[in-house]
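Shared between the two complexes below is chain A, which pairs with chain B and chain C, respectively.
Then we have the complex of A and B:
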């Protein structure tokens, strides 16, 4: 058996799976988004018609799409910086030579990452219950009025953001920690001899050395946060007043509740295009920042 | 003096962070042992007055939680075993076997990572519907049998295997399968453990795809079962906390037991490019 043939034999199972169950559906999604595939077409394929870009056009005119996009962008724009700064803060604390019991703290801070979103979202629903929840109980002690966390359209998204930060910050914390440990100690030594303060060491050594890690982490986190779905599904069912309906939530409802699969595919593709554009923009900005 | 203050501050913040991270999980465990209705009181109780297993009994006897638990275990184990086999073979081929178009093909796979999985879900549902796999275990398992991330992870690791080792076996007349099974696989053991934990956790925690493809209760995995219970029993916090414990505990224990491998894999997977 030649090495060429062996290679293809080793590759075939994985490539078939990825080809049939991912690549093919992605291409089909593009085709599907150009049709009016709905409940009637599901019953009888002859009812299917080609509608070109009509699904996209209709979506762009629907207030619900824009509000879902707005909620998702809100979640990303507030959630990602908050999540990343929490991760960085935790990593800096864990990396400090003064910190004790590091393995314990690392495990404790990381634990929420491996938990099941649905299960911990259920916990948060009770912790942020208006009447009996711990959160309002604690606020009450500080003399702050009870907040209707998940029932008030102004508070529902911030509550979901808090939840997402709690659930996810440990992941990037581990990556930042590895990045911090890779910074040569003699850089800090030299800075200390020159009399640089801890704050200036942080600004002029730590942050620039973490630059590439930071870029990678922020791109991965942004794409992850754009895919908001399970949290609102469990905590608020997209409400109140659709204030937590994300783009993927809209896709799910459109596709699997109303069976407008053509229109839902258009939602999925628009989300993909937006994510792609945002990632490209971030890379471009980072490159320009690197040259300056 | 200043350094003692800094030490107190840093450790104090770490303790505070650990409390915030762990409190919801410990609270869940405590409330799961409370009598029905006990948690809905002011001030919110921290510990059960008379600990009871009634919530767990209710879940297993009446809510079908045992079935969901078995489904979750079965689906996650099968996905782990199959994806491990396929990803190991493909990752090894990309790292060590020479064939035309190797780098190009690998780049295409990595490029596909920018496409969010949800784009494929609608046509995938139709595809599985036409081949009769909707509402079956296979519908959840089949799309997860290989992953670009897994292939990438194995390739990164397998590149460290010395070529001479493989070449020598080839000269001795060993077949490619034998080389893979007897020389390469033993060397890939650490990454196998890492990848197995990753696949199992991802399969266990997966929500959106099982929610779409599993339409009947008898096939529900724990997250889907829990989400549907949470909509029916919104007021029963004690029952829901017991359900959350059953869902979270297996993966949390797996992580605690295999922490080192998991964190190593996380770092290996994140140094792209």
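Then we have the complex of A and C:
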């Protein structure tokens, strides 16, 4: 009994911090999403009305919410596989016994992760400038007509995806690298003795052994990519023609541009529900795949 | 910091005491010196500026601080893109400045928050700020429900920049005064095959359409700002004229990002007209070669029947209600409202002064390019003074972009604008009907 009490005592600081800085704000945001908290309520709290689920209902009827969700899903569906395969490819190359200067390349490939997104965005905006950018300069040499990377609604999202993948793949690469190094060498040795090719070694040893790492990385990446915000904020400000407005960007606009905090909280909870459903589905699929 | 470092090093009590004594005496000296310095600047004013005005105003302030020795002004420059949320966040956090520059479309929002100090009593006592000398419609944008909250700092209206030589070559001796004439000139001057257009109106800006719409007598909102009035005959005429300009290929359907460098393209004759604001007088003077300076001119905006009505834009100076130094802040407003200071401000930045007498001297006097602005400012019209206006104008622009792209007809577009506007104004209607607003400014 007394040891249990001591355990609670030790846990208290952590629980208090969690409660004050996580649980309380979440509950407050949930309560906020059921009201129409806006500019008028900010001026005088008597102007606050309880609207039950009307914020959610209004959102579901807004075309902009659906298009923002569409852009976010597009970003996740293309960005996550691209980002993960880039990470895995880089990790495999770094893990190869043939690789030279490993520490240098490991640092270089990880560098984009630790640089600030704003500083990097300045460079990327130059790279993808329609008239003076290096990307169009290279395309011009290949005889391809210039592309308005950030100004054309069809090209803006692919550019953002490219930017996000380049910015983030280093992080997963490090995790994959750790996973690769944890695979026992004798498995490969046995495979070599049996005469398995490099490709078959990769398919039947590396990938299955990386399974749990892969699942974790994919869940982390999916939930991270659903929260797309900084990239369009610094590169395109949600444009052109709102083609890079993500769900989180919509929330930012609602909350901090127009100060409709009630509606913005509703966006946040809808996004949370969607992310929760997607990750639950991924876990379930992975479990079923594991049993089979 | 140094005291703390020393405390770490000194282990024995004796040196500890010595350190404490030193610390005490240092504190005393600090207190005495600060007391001695106090009268030198007993008012630290915080002044928030938005955009490039901040860079110019710091050049005007040394004179102010010399003539007002007790006041020191801290200028904080906010970028335009972040200013709006910064102001709202500051209000929510109770950290508003003493004095700020505020665009006159943002004023109603700050008034709805009850964040601003009414200024009428100070204006009545003032020997500098004379309401009669200000352009009436600009002054009116600072009156919300009969109470004055700001003093105009600079003014802005949108009108036509045009290529005199191109018009002349096409057989037009004078700029257009009404929409029918204008349409005719646009048709003559546009040739999509040669990539020349009559006019440039970037599709992601709402000011052009708003300027056209304000020329009609129908208000943009009806019933005291309770509902949208976009389905009125007047707005429909303005929108039809605007959208037709794109459909007839008399203006390219591009945003201002794609427009890139409109000044050099205007100089090359890609556009014969450019609907824009006063800052472009300076831009054209700077960017076009000397031999072309005679080729361009400005003209009042053509209207449905006659020219010269536009939007009353610009920025005002406001004092925040929570400021503890309102008198000092008012002295700064009076200083910035002086004729010579306004003229210097124009020389520095090209921001047009709001007082008629400021136009009678300095660089503005007899400037032919500024004359059209002077004329139009007398007849400018304010935008609806509701806090939601910025958002409504944004939606108006988004729906209009769809109409230009051919996704909506004009009738569908105005119905959609009214639908969106009525939804945005729902809360305002409720407040008005329940009369719960804190200031009672919304009876």
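Keep in mind that, in the parts below, the second predicted complex is superposed on the first by the 274 of 292 C-alpha atoms of A that agree within 3 Å, B and C clash if a C-alpha of one lies under 4 Å from a C-alpha of the other, contacts with A are read in each partner's own complex, and residues count from 1 in each chain.
Note that in this section a residue touches a chain if its C-beta (ideal position, glycine included) is under 8 Å from a C-beta of that chain, and two chains touch if they have at least 3 such contacts.
Because the structure is predicted, anything quoted here is derived from the model rather than measured.
Colleague: In the superposed arrangement, which partner chain does A:259 touch: chain B (first), chain C (second), both, or neither?
Modeller: second
Colleague: Does the superposition put A:74 against chain B (first), chain C (second), both, or neither?
Modeller: neither
Colleague: In the superposed model, which partner reaches more residues of chain A, chain B or chain C?
Modeller: On the superposition, B touches more of the residues of chain A.
Colleague: Just to be sure I read the superposition right, which of the two partners does A:188 touch: chain B = first, chain C = second, or both, or neither?
Modeller: Once the two structures are laid over each other on A, A:188 reaches no partner at all.
Colleague: Answer with first, second, both or neither: which of chain B and chain C does A:17 touch in the superposed model?
Modeller: Only chain B; A:17 stays clear of chain C.
Colleague: Touching A:275 in the superposition: chain B (first), chain C (second), both, neither?
Modeller: first
Colleague: Does the superposition put A:155 against chain B (first), chain C (second), both, or neither?
Modeller: neither
Colleague: Identify the partner contact of A:46: answer first if only chain B is touched, second if only chain C is, both if each is, neither if none is.
Modeller: In the superposition, A:46 touches chain C alone.
Colleague: Do chain B and chain C touch any of the same residues on chain A, and if so, which?
Modeller: Shared contact residues on chain A: 131, 237, 256.
Colleague: Contact residues on chain B for chain A in the complex?
Modeller: Result: residues 3, 6-7, 10-11, 13-14, 17-18, 20-22, 24-25, 27-28, 31, 39-44, 85-87, 89-90, 92-94, 97-100, 102, 109, 112, 114-127, 142-143, 145-146, 148, 151, 175-176, 180, 201, 204-205, 207-208, 211-212, 222-224, 226-227, 230-231, 237, 240-241, 243-244, 247-248, 251-252, 255-256, 259, 262-263, 266-267, 270, 272-273 of chain B touch chain A.
Colleague: Sort out for me which residues of chain A touch chain C in the complex.
Modeller: Spelled out, the residues of chain A in touch with chain C are 36, 38-40, 42-44, 46-47, 49, 131, 148, 151, 237, 239-242, 256-259.
Colleague: Once bound in the complex, which stretches of chain A touch chain B?
Modeller: For this pair, the touching residues of chain A are 1, 3-4, 6-11, 13-15, 17-18, 21-26, 28-29, 32, 90, 93-94, 96, 98-100, 104-105, 107-112, 114-120, 122-127, 129, 131-134, 137, 166, 170-171, 174-175, 178, 216-217, 220, 223, 226-227, 229-230, 233-234, 237, 248, 251-252, 255-256, 261, 264-265, 268-269, 271-272, 275-276, 279.
Colleague: Quick check on the complex: what are the chain C residues that touch chain A?
Modeller: Per the touch definition, chain C meets chain A at residues 81, 84-85, 88-89, 91-92, 109, 112-114, 204, 255, 257-258, 260, 387, 391, 398, 401, 427-428, 430-431, 436-438.
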